[in-house]
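Residue numbering begins at 1 within each chain, and the chains themselves are lettered A, B, C, D and E in the order written.
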Amino acid sequence: MSKIGIADTTFARVDMGAVAIKELKKGASVTIKRYIVPGIKDLPVASKKLIEEQKCDIVMALGMPGPKDMDKQCAHEASSGLIMAQLITNTHIIEVFVHEDEAKDERELKWLAESRTREHAQNVIKLLFRPKEFEKEVGMGKREGFEDAGPARL
Amino acid sequence: MSKIGIADTTFARVDMGAVAIKELKKGASVTIKRYIVPGIKDLPVASKKLIEEQKCDIVMALGMPGPKDMDKQCAHEASSGLIMAQLITNTHIIEVFVHEDEAKDERELKWLAESRTREHAQNVIKLLFRPKEFEKEVGMGKREGFEDAGPARL
Amino acid sequence: MSKIGIADTTFARVDMGAVAIKELKKGASVTIKRYIVPGIKDLPVASKKLIEEQKCDIVMALGMPGPKDMDKQCAHEASSGLIMAQLITNTHIIEVFVHEDEAKDERELKWLAESRTREHAQNVIKLLFRPKEFEKEVGMGKREGFEDAGPARL
Amino acid sequence: MSKIGIADTTFARVDMGAVAIKELKKGASVTIKRYIVPGIKDLPVASKKLIEEQKCDIVMALGMPGPKDMDKQCAHEASSGLIMAQLITNTHIIEVFVHEDEAKDERELKWLAESRTREHAQNVIKLLFRPKEFEKEVGMGKREGFEDAGPARL
Amino acid sequence: MSKIGIADTTFARVDMGAVAIKELKKGASVTIKRYIVPGIKDLPVASKKLIEEQKCDIVMALGMPGPKDMDKQCAHEASSGLIMAQLITNTHIIEVFVHEDEAKDERELKWLAESRTREHAQNVIKLLFRPKEFEKEVGMGKREGFEDAGPARL
């Protein structure tokens, strides 16, 4: 059975991991290994440990960077680390970051975090089990969370 | 027969992979392996897997970063990861990124994505089979997509 | 017995290491190995040496970046290096950085440095000994130092 | 006989490689291996291949970033990759980048590209054959291309 | 006998290496290996070669970034490379960079470069031979070159 790692944070203001796990279990019969860390800069090593020590086949790295310049910098460092971790392990780590200032209020923030997490959980299922399904979606301007941009029109 | 990897995204608003494959097949008899991922930050590991697991001789990494600051940041992280993946594998990954705000409307965006992809597909063919042809083009201010800048004039 | 590394600097304006050690010893029976360096850019290699040469199970990297653009840049380089060191060693390095301009005066700076260090020391204890406790805190908008943001409300 | 790699691009608007080769041959009896790629982001892997596959003792990476923000970003990514390639191979790669907006017109751009390339070719000869000569120049405010800044005066 | 590497540049406007060597010899009986390169982006590989090929126990990387945006970018790339080199070798490389625009005129620039170099040379001696001395200085707001910030006051 495939094993999916969920790395998430106490810093986030929504329990994105719970949403991810529910959606993943809806999509396929999988084993889940969850790893909670304080903040997004702790996600790269947590994800790598999920892959190398817990033998996960793929990882979702969930986080919610704050609105300040310093938070943006942290998000950049975390993202770079997640890419490095993928290159070292040859394994996908699907980053699901929701920036607090993407949403106009807390209500939308919660909605956005949940819907983006769900749609990325579906991406994980496709990457693992149904990569063919991406062929219908390639170049279609897909967006996770907010509305799709759609394909460019002539 | 040479094997060329095509990594592209569901985020892009144009099916750049299809354009690349058509142009590559026009230029040489090659095997294609395509790998579709959600977004540009998934391209580095996808490209590395194409090289190491699928034994591709070269990869085209196709993507279309959005217009927001956050999108620019993602593009930077993806590009850095693609360079790292090349250094680890000693294999070229030709990045073909079209930033949404490079074009004035969707029509131009589509044209730009297609023409840049085609011209980079030709670069891939030259790198693989006809490196001598670059000797005529070195220092000539070549641009992929938009018009060439041309050599500096006295 | 678990061994915790403390890497800190002469550049910082508060003895964060002493605060960390006191809080760690309050939380569990652990061995401490301290490593003092001039500035935050020396922390990545110091942390890695604590892990690889001193066999620490986890490291706290404590620093206090100054308020200038150049200081922000240094903090970014140090943070990126700390993430890299974690990826190479598969070991957590909990970064505790307090930017001088986060506080309105020296009194608040001292308070902030001490309280953030203490709360991260508690995180270290949880990561090492009581990871289950994070399950109650996941997605709760926890902040170290200043007040928690709390979970997003509907 | 020493072997020097020359990596350059079709994107540049001046044939910097030809200038480099002429100057290198003037300075010492060396073997040259040239590798032409589309743009500066292709230079890191090209340089590494020159070192590892072609056994070059040193490489010159020649490029001409455009004037836009996006071009500056590309230059940053390429430079970071070149430094990484040097660290992996323990071999110098002398980066010779001329930013288009450093020159006031195409005439000056051509002059700048040629003179900077020539002066860096001389640096390469010194690094390889006459490192002692750098002792007279250390801390002297040397600039490649434009006029030297000179040593700081009391 | 301990061996200290000195990597410095012809770009700098002050002979920082000479200042470093004099101060180091005053502090302890050590062997010095000097390596001069054109600019700061050449320092990471020079430092790594000093460590791996010349068996230096520690390195001082001395440089003087110019005042332009492009120079700041170079300094960032060089600093990131120096951190990477330290992580690969598990060896300290003490970066001593003096930005030209930190000083109000050439006289102050020279003073700053010399005093910062001297104080970092003392740091090197402490790291190598007297790490205990750092215990009195930890969290004391030490600055190299300009006046110390001092500890935060209540």
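We take it that a contact is a pair of C-beta atoms (placed from the backbone, for glycine too) under 8 Å apart; a residue touches a chain by one contact, two chains touch by 3 or more.
No experiment lies behind these values; they were computed from the predicted model shown.
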Partner chains that subunit B and subunit C have in common: A
Rounded Å distance between subunit C and subunit E, as computed from the means of their C-alpha atoms: 25
Distance between chain centroids, defined by C-alpha means - subunit A, subunit D (Å): 40
Sequence positions of subunit A contacting 2 or more other chains: 76, 80, 84
Chain contact graph, described as a line, ring, star, complete graph or other shape: ring
Traversal of the chain ring from subunit A via subunit B: A, B, D, E, C
Subunit A contact footprint on subunit C (complex, rising order): 72, 75-76, 79-80, 82-84, 86-87, 90-95, 99, 120, 123, 127, 131, 134-135, 137-144, 149-154
Subunit E-facing residues of subunit C, complex: 8-18, 36-38, 41-42, 44-46, 48-49, 52-53, 66, 70, 73-74, 76-78, 80-81, 84-85, 88, 106-107, 109-110, 113
